[in-house]
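In the part that follows, the structures are each spelled out as structure tokens.
Both of the next two complexes hold chain A, though its partner changes from chain B to chain C.
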Partner chain A sequence: MKIAVLSGKGGTGKTLVSVNLASAAEESVYLDCDVEEPNGHLFFKPENLREEEISVKIPAVHEKQCSGCRVCVDFCKFNALAYIKNRLVVFDEVCHSCGGCILLCPEKAMNEKEKIIGKIQKGVSGQVTVYTGMMNTGEASGVPIVKKLLNENKADEEMITLIDCPPGSACIVMESIRDADYCILIAEPTLFGVHNLNMVYELVKLFHKPYGVVLNKCQEGENPAERFCEEKGIRILGKIPFDNELGALNSNAKIAVRESEKYRTVFSSLLETVKKEVRHEAAVNP
Partner chain B sequence: MKIAIPVDEKNKEANVCISFGRTPYFLIHDTESKECSFLDNSAASSQGGAGIKAAQFLVDNKADILLTPRCGENAAQVIKAADIKMYKTIPGSARDNINAFAEGKLPVLEEIHAGFHGHGEK
Partner chain C sequence: MKQLLILSGKGGTGKTTIAAAFIKLSAAKAYADCDVDAPNLHLIMGQNSEPGKIDFYGLPKAEINRELCIKCDRCRQNCRFDAILVNEEYTIDAFACEGCGVCEALCPVGAVALKPAAAGELMLYSDEGRIFSTARLKMGSGTSGMLVTEVKKQMRSAAENAELAIIDGSPGIGCPVIASLSGADMVLIVAEPSVSGISDMERIVKTAAAFQTEAAVCVNKYDTNIANTERIKEYCRTNNLPFVGRIPFDPEAVKAINDGLTVIDIDCPAGIAVREVFNKTIKLLFDTSTI
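For the complex of A and B:
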């Protein structure tokens, strides 16, 4: 059972919710797909770490064979190639590793070389297996790291898996939710929060993913995100209060479920709600 | 000698465009014939790497000088490799800048920004 947790911007509570849901389960897997700044491991402090480097293939040029025809330069949608003063220049960090230039080169003047873009770290924290994707600074895309993370998880298909997504609704988020059985959208109680919620709401609809919303940082008074959900008929899975105790635990990198009986109850019941939703989905849309 | 300037509109009184890579047009001024032409910048709508493509475009059009308010690191790499000299524009029209350049009043552009990679792309 794969549950993706996403939001339109950073800081809404994706990591809070996914780390605590993973901790509330009897046995679970946590995948940190926010490869630009993974922070779930700061809470889990996983042990028995194993690391694996992730590389992509980029073009290497054999200058002597290059005829200067510029087929590759014209082909590259990301403009990662330039031809200046009879020399082909590759901008490694702009390259998205599609391999098109190498395929099209009539002189076979290019071949693939490996370039390390980051790593995956695997460890254990209590009953949670923690996988963390970490991208090196300055790389074009973390998608290859996310793909690898999701593949790693293939073995534990049946286990409850929380996918902590990157913020926003771009390619890397689409990749992160690709295999998800259910999407939890986290929303803040502000107008800005509604805008961000709408971004991921449109995304999960586009991908035909079943989804529900968790309202975070709830206070007394009006909640624009809640009103948005009511207007659109979106299922609200739960509400997390704007609470000193939770804030203090979280800012000290403590997992609320492991520290507080109150929050163990909150997240256990949220997990049960989500599990029911997933089972219901599986029955209605097999 | 050919001078290239990113401009917002196709005339000499147009303002210099604040973006090099995504400017809609380049003004090309020939210092010998004193003639001006305007080129559509095909890099303007690029998904990514607009600076590289725009720089390649100027190299292919045999520009010797580039007058621009700023330039990103990837574009600068292409422009430097092609021995195109870069000067920093002053506020005003393209014509003002061509005149200021002729009088030797424009400073060499040395400050290269890290680019806006991924912003507006992803």
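For the complex of A and C:
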């Protein structure tokens, strides 16, 4: 049961919700796909850490064999190759690792080398197995790390798996929800929150994913995110109040479910609601 | 043109709130929203006119001509992005395709061609001599870095003589952020006093340094965790980063934004604090670059 948690806007509570839902389950897996800014591990402080470096393949040039024909330079759509002062130069950071230059080089003057772009950390925190993707600073794309993270967890089909997604609605978010059985959209009651909720709402519809909304930071009075859900007929899975106690726990990277009986109840009941939704979806749209 | 870029690493720390206030305070003649994944600046800048719009074409996408395809499978075997789908026919998964052109180059019968694909829309507002460049990336598109570069190019060419440009950035540290850093004279990092916020701030500081861009730090909602705010100040001292102020959590500020106003349009504690941060930042921006 793979549940992706996403929001469009940053800082709405994706990590709060996914970390606490994972902790409310009897046994679960937590995958941090926000590889640019992974934070779940700060809450879980996982133990027995194992690390695996993630690399992509980029071209290496054998200068003696290069005839300067520029076939590769002309081919590369990403402008990752240039022939400057009689030398072929590779710009690693813009290379998409398509391998085209190597396939097309008539002199076989290139082969592939590995370039490390980040790592995956695996550890345990209580009953939660915690996987964290971490992209190195200065790298452009964490997509290969997300792919690897999700592939590693293909085996655990039955296990409750929470996928903590990056903000936005671009390629890396799309990759993160690709295999999800259900998407939880986190919305905050602000003008910006609603605008960005609309974007991820369109994204999950585009990918035909079943979804529901959790309203976070709820206060007395008008909630524009709630109104949006009512207008669009979107299922509201639960509401989390704006609460200084929760805010303080969260800003100190404490897991609310493990610290407070009140929040154990809140997130356990949210988890039950989500599980029911997933089962219902599986029955209706197998 | 001096470019001030607002970044944060973590999302939701207040980049757009601060950028909007800075634009008002500076009366900047040029500004841009580079958060093309989730643009919000236009919601509170109160544009009076309709923008000029241009389609943005990112990288092309492959298309397979079924009439010509001989199902030799070379394209699928060599596609690094798993974008060739094989059912009864060979087709392209347009979301997975990155437009590299390997399939087109390898196809022995010329059945594959790269076709331009709209990946978003660029918008340019020009109100009373002020230029506002923004864009929206199409859902699930993978070319946000290129679009960010276009947003900035559009702003520069429309406002050549502007002394100051204020640019609202995107969260994270990846391609759109790296694209927005290019040409920026200084980055203001809006940090949040949480354990997550500190971790993310450190990563964006490193990223800015990797691209040799000057940075300064302010803390938003500082009173939600005073101990962590002190940690951020200490981090700045140790790493020789200018600390340009702290802004309190202010429910009035949230209300202002929801009414489509900036925090300096109303009389509130956050507004007063943002003015101080602004004065210090602008001083640094025009000082550091003259050294």
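Rule of thumb we're sticking to: the second predicted complex is superposed on the first by the 286 of 286 C-alpha atoms of A that agree within 3 Å, B and C clash if a C-alpha of one lies under 4 Å from a C-alpha of the other, contacts with A are read in each partner's own complex, and residues count from 1 in each chain.
Going forward, a contact is a pair of C-beta atoms (placed from the backbone, for glycine too) under 8 Å apart; a residue touches a chain by one contact, two chains touch by 3 or more.
Every value quoted in this text rests on a predicted model; they were computed, and no experiment measured them.
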Touching partner for A:73 - first (chain B), second (chain C), both, neither: first
Chain B versus chain C as contact partner of A:168, first or second or both or neither: both
Which superposed partner A:153 touches (first chain B, second chain C, both, neither): neither
Partner with the higher number of touched chain A residues, chain C or chain B: C
Partner chain(s) touched by A:85 [first = chain B, second = chain C, both, neither]: first
Partner chain in contact with A:132 - chain B first, chain C second, else both or neither: neither
Which of chain B and chain C A:23 touches, first, second, both or neither: neither
Common ground on chain A, meaning residues reached by chain C in one complex and by chain B in the other: 77-78, 93, 140, 168, 170-172
Sites on chain B touched by chain A in the complex: 43, 46-50, 52-53, 55-56, 59, 74, 77-78, 81-83, 117-118, 122
In the complex, chain A residues that touch chain C: 8-12, 15, 36-37, 39, 42, 75, 77-78, 93, 96-100, 103-104, 135, 137-143, 166-174, 188, 190-192, 195-196, 199, 202-203, 206-207, 224, 247-248, 250-253
List of chain A residues in touch with chain B within their complex: 73, 76-85, 87, 89, 91, 93-94, 140, 168, 170-172
Residue ranges of chain C in contact with chain A within the complex: 8-13, 16, 35, 37-38, 40, 43-44, 59-60, 78, 80-81, 95, 98-102, 105-106, 137, 139-142, 144-145, 170-176, 178, 192-197, 199-200, 203, 206-207, 210-211, 224-225, 228, 254, 257-258, 260
